[in-house]
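One chain, subunit A, appears in both complexes that follow, with subunit B as partner in the first and subunit C in the second.
Showing the complex of A and B:
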């Protein structure tokens, strides 16, 4: 299984490198380190959200409310910053994480305690959270001049050649890698998505695992809300509209099975970078940015077809692997 | 959606059924009808402009187009699948009609193109799900991006207008007095789908697939073919809704009907269709359409902005699903 997964990630890296090389022939300077850093920085928020989404998807759930959560939390943080410019940034970030985690816990609670299917819950909370962003702001915008310079500048401050925003993404990638592969929570997440019945017999509380996956996803959305608002220097009701689908798309492209239990951090990161490279290349090679939506649609469908084939082939091998795992454990 | 079936099969079968009267009284449809009546009364108390034949007729436009799709979506959800691309199909069909109108195609041609594009999109979804056996929820998230993306490529930030005058009838015409063509079409579709689901062999197969698609296969139900037809029907109804909506608005933008997929799913679930598949009625969906129409119209009369209404729609969705679950819990707790 690891061999197949590895090949999946190698394949995706290969495609991304080929794409960058191809675009570089059409547009000079596309493959230059400076531009690649820009692309990575531009994709940082998507990477973080895709990892959050991946954790939820691993447990056989889906969180469609991440973008709405981001919009609400971003609005709350921006308004707090505008109203109380003296509050330290750390406090605002903690607040963003807290509000995000709270909204995520509402999803998690409904999924865990009431056992409502995650897609229904998050479809509902998606409209509720974005509506609440409107109620909170009254439809008004928080513009750059209302925010404090520290609030705006920290994520774009260069540090060792990369902006802080990119470092945050790298830290999240490493943290998630550790969380998913080296902790009991990570193993439970894989188990409760891979085979819920077996997970129950193994003593894993699936509901609680899902709950914490949603809380984590919410907290990440909260973190991204601050990054998003400070990066684009504006907060309004419609920010990140439709971004939840991008995060799902990044996961699907990265080989994370929508049926749960299969996927790796590297896959989610590569899936995000894939979308990020396309998004940054379109204007450079003279394709209308309006084409981006259709392209991601095609990519999602192709990725799903590809995933389904890979999973169909894998069936037997998983069983054997599990058996050996249990024997050694 | 297929993965949830594993949890869904553990239905509680009661030792004895209630009397026919109590069963009808406790049914979801009757409860929902009560809610509709309450909302109706609350609305007429809250605003003096509510109880007016012309106003109420206008209110029906809030839900007729969505409800037409909801009927097909109900069948799809009962069969354990879902289609999130319906709003994008509206956008693509509308764009195709707009382009055709620019080229001078007449009303009949426009309707054919709108419905045709809808059917084609449905066939595309159906092929991916039933032939390639992909999970419908991701597939339709992908096609949602694709269909609306094509509209964006064609239109960008522009809009199509200039539809022929006779084309306006589908969205703005009236059969007689205050009864609009759309409302008539809504009632017709309700009747057709009710017969299809509740009185035909095909309808029974839809239920069987939703309850246990494994058993359905062994009972000789052509599972893949039925699912394909359901996606085709959903595409068809989206095409029809697109004709009505485009005719009513008189213009096409790529963002037309944005977010409708959520409202359609909400309507279906509110109508008592189990999101896990296998249960639900068309009557429930019809009442749910009225409930949602009345809520949005009543709030509109009270000057509540659209995005705040969406909060109510979201809450309605979650509460209507949570309440029966809570009620069952309480009943079980009191028994033990």
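Showing the complex of A and C:
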């Protein structure tokens, strides 16, 4: 049992499988491959944003502006597509990545150079980026008929049994796995959050590491902005409202320590899938959307409690010694 | 280290019975015996000076007396009755109060709130009674001959005024036993005189005072009794006025220093590092020295003398405001830790937990953190190379771990220290700065660390060793630099350095 507990990813996978099996008894066809593919596809955007969020959290920071960044960039890309239907899609995606990365770099700059706490910076830019989306669009919507068919259809085109959207998520998962475990940047991210002081002493520039984490997070939000707008075939100021909290929740459920330095790509993916399964299952088994929000909230708090307990265990050697002290005292 | 110093018993202590007596107190932490069968008595109306080097066990004793630690064995007698202090509140209720070296106060609260935090008087309706708080605070401060307004915020006070608030806080409870842990460290001479007047007042009120300080002149001025601790043992006590200072220093340091820390003679080569006129805006000024190949330079001084700050700026953590650095004849400029590591200067910090290791990360990743450029290939990490490098140093340092992939946090303290040292050796440095390399580890492990430091020197590394432990500095160093209040107070050859000269230079007691 302790071994199993040690591998949080395994435990979480088990819980997800049990949940799917449980829901399948109430809703026929829930565990069918076709539905599972749907759930995964539905969760793809959350997976990408959770991985971006995780990179930031690893460095002992947080990015609350991802969803606002997504909304602004999505609006910009959708309006460009509507205004210049002849621009190739690749260019629009590069533009989305670029705008997203730029907005992320503003966060990173404020955190790095001005040394403002990340939660304050991104709480501020959250409202700024949303406001910019309003200013840009004047509050107007960009609807499906204004967008080109290519723009709308590419992410949902099936390829080897999965929509392109799912493949993009899989590619990002693999890319992030590589980035975090095989590059000096990834190692710096873990070290900066695991012990910032030790990281400085080891010659790591934690400010720069955080800056790049924010840029990466912004670029991923930009990528997601295109995926989101094309998936829902609409762009308006309030898209993905509150989604930043989902990305944080996915990380927390996946065992990424909010204090930084601990977490894995698999954890973030499983945390996202966990939320994705719940979101897809609750309407199917006839639970109202309001109860869904409450249930999601309960699950998140349970995950935090579970995490806190797991992290407290690391100190158990000391605590046990203290306990024996007191027993013998 | 088994050198047994003779217990000296000068004239019997005052005939009065002690208010508080600690008998046969031991405090054992995992792997460390912080206190070993110590006994100490505190008498009404008298000041007892507690003397000892850093790590001698003074702070542990204070923590037991204030209910923060529970002793592993031994008993505490209050007015002859055995008592226990299971919590800080229990100690306060028993009349023990402490003024800590670093005052534990709250910047954003008012003076009155600080004084009465935790035991604020209440009104009939169980709300905070501000009128009483402010009136009593004013009274307490007047006793201390201060007219600080109790309603202003603490952050608007000077350091010395804050100290007065801390003392007022200690006196706000009905205290019979007052512990002062280096209360003069941050004070000017005039403020010290004021403090001593307060202490005299406390004596007249019949309170027993435990006074911890490194400054002998002050102790002789204020204290009646003394107790000397060394390596967790009480090695002597008596009447202070009848005991010469030399005797106290001898008790503090122990004898036969050079026998206890046998230094392996290393081949001393040409100068490797030359530091000229190094200065920092606030911490140290005009430090110059040379370090030769294979040499161990000890840096001795009291806490706050600027030793760690100097080393940190040599390592690029803070930037000096002036000064030049020459490494093997080349002028170098160190702006960041990366620069220092690249130049071949590394720093093993004092607090390995806080500064040394990322505890959630695997052993091998901690070890290779400063050497990633070496183990990576075309910008990508190579786990195989990292493991190879880590294994090499794990073997060399005899690191005991289930696997190199387990988190460092699961290792024992001694093994964590090995990971820190291995991490820096893996960068193949020319100069290694060790900040308090044996702080907080037991005597047995100390010997191993000392052996290892000697070995490094004999392999041609140049070592700067910051240490507050006289035997260690005297036993291990080829030369010793003493710092006091940010200045160089002396540079001694091994042959001319004695415990007395170092202590005099460090404390300024000529």
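In this text, the second predicted complex is superposed on the first by the 308 of 329 C-alpha atoms of A that agree within 3 Å, B and C clash if a C-alpha of one lies under 4 Å from a C-alpha of the other, contacts with A are read in each partner's own complex, and residues count from 1 in each chain.
The working rule: a residue touches a chain if its C-beta (ideal position, glycine included) is under 8 Å from a C-beta of that chain, and two chains touch if they have at least 3 such contacts.
Please read all numbers here as calculations on a predicted model, not as lab measurements.
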| item | value |
| --- | --- |
| Subunit B versus subunit C as contact partner of A:301, first or second or both or neither | first |
| First, second, both or neither for A:145, with subunit B first and subunit C second | neither |
| Which superposed partner A:128 touches (first subunit B, second subunit C, both, neither) | first |
| Subunit B versus subunit C as contact partner of A:202, first or second or both or neither | second |
| Which of subunit B and subunit C A:184 touches, first, second, both or neither | second |
| Touched subunit A residues, subunit B compared with subunit C | B |
| Touching partner for A:194 - first (subunit B), second (subunit C), both, neither | second |
| Footprint overlap on subunit A, comparing subunit B with subunit C | 197 |
| Complex contact set, residues of subunit B against subunit A | 3-4, 6-7, 82, 128, 132-135, 137-139, 141-150, 152-153, 155-157, 254, 259, 262, 265-266, 269, 275-276, 305, 307-308, 310-311, 313-315, 317-318, 321-322, 325-326 |
| Touching residues (chain side subunit C, partner subunit A) in the complex | 28-30, 70-72, 315, 317, 336-338, 340-341, 347, 349, 354-361, 365, 369-370, 372, 376, 379-381, 407, 409-410, 423 |
| Subunit C-facing residues of subunit A, complex | 181-184, 186-187, 190-191, 194-195, 197-205, 257, 261-262, 314, 317-318, 321, 325-326, 328-329 |
| List of subunit A residues in touch with subunit B within their complex | 60, 62, 110, 114-117, 119-121, 123-128, 130-132, 134-135, 139, 196-197, 237, 245, 248-249, 252, 258-260, 288, 290-298, 300-301, 304-305, 308 |
